[in-house]
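Mind looking over this structure? Questions follow.
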Amino acid sequence: MKARRDVTAWVLLPVVALAMLPLMSFSTWVTLTIAGAAMGMMLFLMASGLTLVFGLMDVMNFAHGAFITLGAYLAVSVLGRMAGWGGSESLWLNLAALGVAVTVGAVVTGAVGAVFERMIVRRVYGSHLQQILITMGGLIVAGQLVVVVWGAQPLQVAKPALLRGSFLVGGAAIESYRLVAVALGLVVFGVAHAVLNRTRIGLLVRAGVENREMVEALGFRIERLFVGVFVAGAALAGVGGVMWGGYQEIVTATIGDEMTVLIFIVIIIGGLGSVTGCFQAAVLVGLTTNYVGYLTPKLALGSNIALMVLVLLWRPRGLFPVAKP
Amino acid sequence: MVEKVLLRLEGVQTHIGRYHILHGVDLVVPEGELTVLLGRNGAGKTTTLRTIMGLWRASAGRIVFDGADITRMATPDIARLGIAYVPEAMGIFTGLSVRENLVLATATGRFDAALLDGVFALFPVLKVKWNDAAGGLSGGQKQMLAISRAMVERRRLMIVDEPTKGLAPAVIEHLIGGFRTLKESRTTVLLVEQNFHMARSLGDGVAVMDDGRVVHAGGMVELAGDEALQGRLLGLSLAAHQ
Amino acid sequence: MRRLISGDRPGHPLADLLMLALLVGLAFAPFLFPGTKSMAAASRICIFIVLAASYDILLGYTGIVSFAHTMFFAIGAYAVAIPLAQGGPSWGAIVGGELAGAAIAAVLAGLIALLSLRVQKIFFSMITLAVASLAGIVAAQWRDVTGGEDGLTFSLPAALGPGFRMVQEPFLGVRFDGRLVTYYLIFGVCLVLFGLMLRIVNSPFGRVLMAIRENEFRAEALGYRTVIYRTIASAQAAAIAAVAGGLMAILLRYNGPQSTLSFEIMVDILLMVVIGGMGTLYGPALGATVIVLAQYYLQPGLQAASDAVTGWPVLPQLFHPDRWLLWLGVLFILIVYFLPAGIIGTLRRRVR
């Protein structure tokens, strides 16, 4: 019974993707599917930390979008300074420029995340109401500080030259940047999966998501684990922000807030606390956004909310619910 | 031989939210013995265990383990002194495999081969289900896993909350066997138990709680032999309860 | 007076005094603070008092955090603006729009609550955030009806227009024109709504809400259907917010996504309720006054501070007049930490 249910959740993605095939030409479908997968990967980067933080400590950070915004602005600053590499003819230097931006994004956002956890989140364990309020306050302040540093004007991301174009494969236009995003997302998912399933820390995280109290009663200090997960989640959101900023090419102070709604949809659909669910849901949302955006552009976000409602009616705790005592 | 006290509670009071649950618990757990905590539902047994583990904070009183005051210590630090806790709901991680559940209970992440063999000898089914998700185990198997978790690492004290709740009699016999083995290894146990058959066959000492206090403490043999005392303390004859 | 406020006094001499001053100040605002800017500020204060207090019914009295409250505010505003823009000025459109807006908001809020309150409360917050953003998209894209991003501009019945004169001669330096009528219309409706909300929270219904907030399991065990109570509270709060939205449209003679639906307004409401004090109704009233005054008058103050630190690194940006929200955000965090009961709530506790 249990195994069969999981199969249903796993086949959802291919089913949705294939169901769209009759509605459009094959080349359009390929383009949209890759675009959707790329968006999904970036959503996964942004959302994975949030879902784990909630699963582990029952903390919902409404200011998570601030990490994304920060990442996007770091993309502006870092890629702007690396115009030499980013504008060169060498694909490797182009990728290296993006790699530096991603690294800086991860490190800086992770550090900010550590400060944020210390100053804002640590004091409000246990009370959802206070968490929502305090992290909203953090969101307001963070959004304003971003404007203080980078100004209120929208800024252009100096996307590396060779990642701007697209190429044709059998009539389907494929943007190279999207391929990079898909590759990065898959690598991060692979690493996250390996860490969670093959290391002792990962084992502790999985156990803690299920039953925090028991992990403590076995002698492990879960707060330290939580700080680590929070920082890692912030860093990943920063990486997602760098990538998303590069994807959008124009960065504003609300870029992260705009993603917050989608991210919430992703982690609710996936099942709060589940990284695998988060990955599946992110790709599902990415695909839906792109398919619907092509078929009836006006319904793109509405379709995701409808998707969330449908999933919740089907499984009230998401596609991959985490067992809780 | 002078009996050494491993765990001592002195006037422990606990509040949960606005509710005053423990009104001054005094309890002594001698080293190397199995002490049974009896009492009605709501008498405060589970709260006592959780307060010992630091999962609830004592608002007054002292908890002393092996001479050290642990009243204000954090749960992980208490556990690291060598105290294993098996909650009423067993605290099994259902999404993890049997092996992973047991690995978490070791201090280093590596099994002591001798101790693990002991677990397998006692509960062979765990070896069969080694790589299966613990969520798929039966209730009795989960309880065996929960108790094994306290056995794969040498512990000084095991605190177990109503292990027989909802289990079939045959499974209970099996569990009693497990506890006997533990007793032979001179592990100190504090056991909350409603099943008097189990309590009597295992207990060295006994403490009876009512309304947030320990109202009687003594040897299990005396209580088991004194029907009047049983009636007064527990409101029923324990003999009739076998 | 006691009956008017349902026997629920602010509860501390200073709080009583503040509230009385607020009431008097607003009742005689056109005479005490003449001028277009201060009249607009006073009208906004009235409307936001009602909006923030209605949000307090949710946040303070039931402990649930909704991010869709501006959606109901906007529904009321559009319900008044659309018939006025399409059918021209009439009192029927105003009254009908207010009532229709309240009804639609109540039904929608009830539906959302029934759907999402069954899951964890934190889900409710996340889902309302999604629903609110959907509402923003609908308002922006349903151009034929809502006017899209541009919004709807309309005119009001003559009695509310600036050309209207009740009395030809100014009295105490104040012209008895349509703007004055508009102000007292807004003030009157807001006063009635505030009284109504005091009645709601002090009724047996309100006490059950508070019991649920304190201990959901206990209330459930006592036989209260918590979901039903919360759904009704949601619907009431939404209906009142919608009426306030209609007043906002009347005040501005315009409605658009920015004026009633933006996320900034949602943030403002949160600030108002938390700074003033959750679960007191008077707190949000005070908070609304403080925030609206800050919007109108804090910016010049920051300008002065910014000028004073010209030449320093970063500081001028931190004190830039557009950064007032930064300082309110800091204040908000400090209040959640150190005065979780807000200003009025803290004063009340001192008495008890």
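In order of appearance the chains are A, B and C, and numbering begins at 1 in each one.
Operating definition for what follows: contacts are C-beta pairs under 8 Å (C-beta built on N, C-alpha and C of every residue); 3 or more make two chains touch, one makes a residue touch a chain.
Because the structure is predicted, anything quoted here is derived from the model rather than measured.
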Most distant chain from chain B by Cα centroid: C
Most centrally placed chain - per-chain CA mean versus overall CA mean: A
Between A-B and A-C, the pair with more C-beta contacts: A-C
Centroid spacing, where centroids are CA-atom means, of chain B and chain C in whole angstrom: 55
Inter-centroid spacing, chain C versus chain A (mean Cα positions, whole Å): 34
Centre-to-centre distance between chain B and chain A (centres being mean Cα positions), rounded to whole Å: 44
Interfacial residue positions of chain B with respect to chain A in the complex: 53, 55, 74-77, 79-80, 85, 87, 89, 91, 93-96, 100, 103-105, 107, 109, 135-136, 149
Sites on chain C touched by chain A in the complex: 59, 63, 65, 115, 118-119, 121-123, 125-127, 129-131, 133-134, 137-138, 141, 263, 267, 270, 274, 314, 317-318, 320, 322-323, 325-326, 328-330, 332-333, 336-337, 340
In the complex with chain B, residue positions of chain A that touch it: 2, 200, 203-204, 206-207, 210-211, 213-222, 322-323, 325
Chain C partner contacts - residues on chain A that touch it in the complex: 60, 62, 120, 123, 128-130, 132-134, 136-138, 140-141, 144-145, 147-149, 152, 257, 260-261, 264-265, 268, 298, 301-302, 304-305, 308-309, 312, 316-317
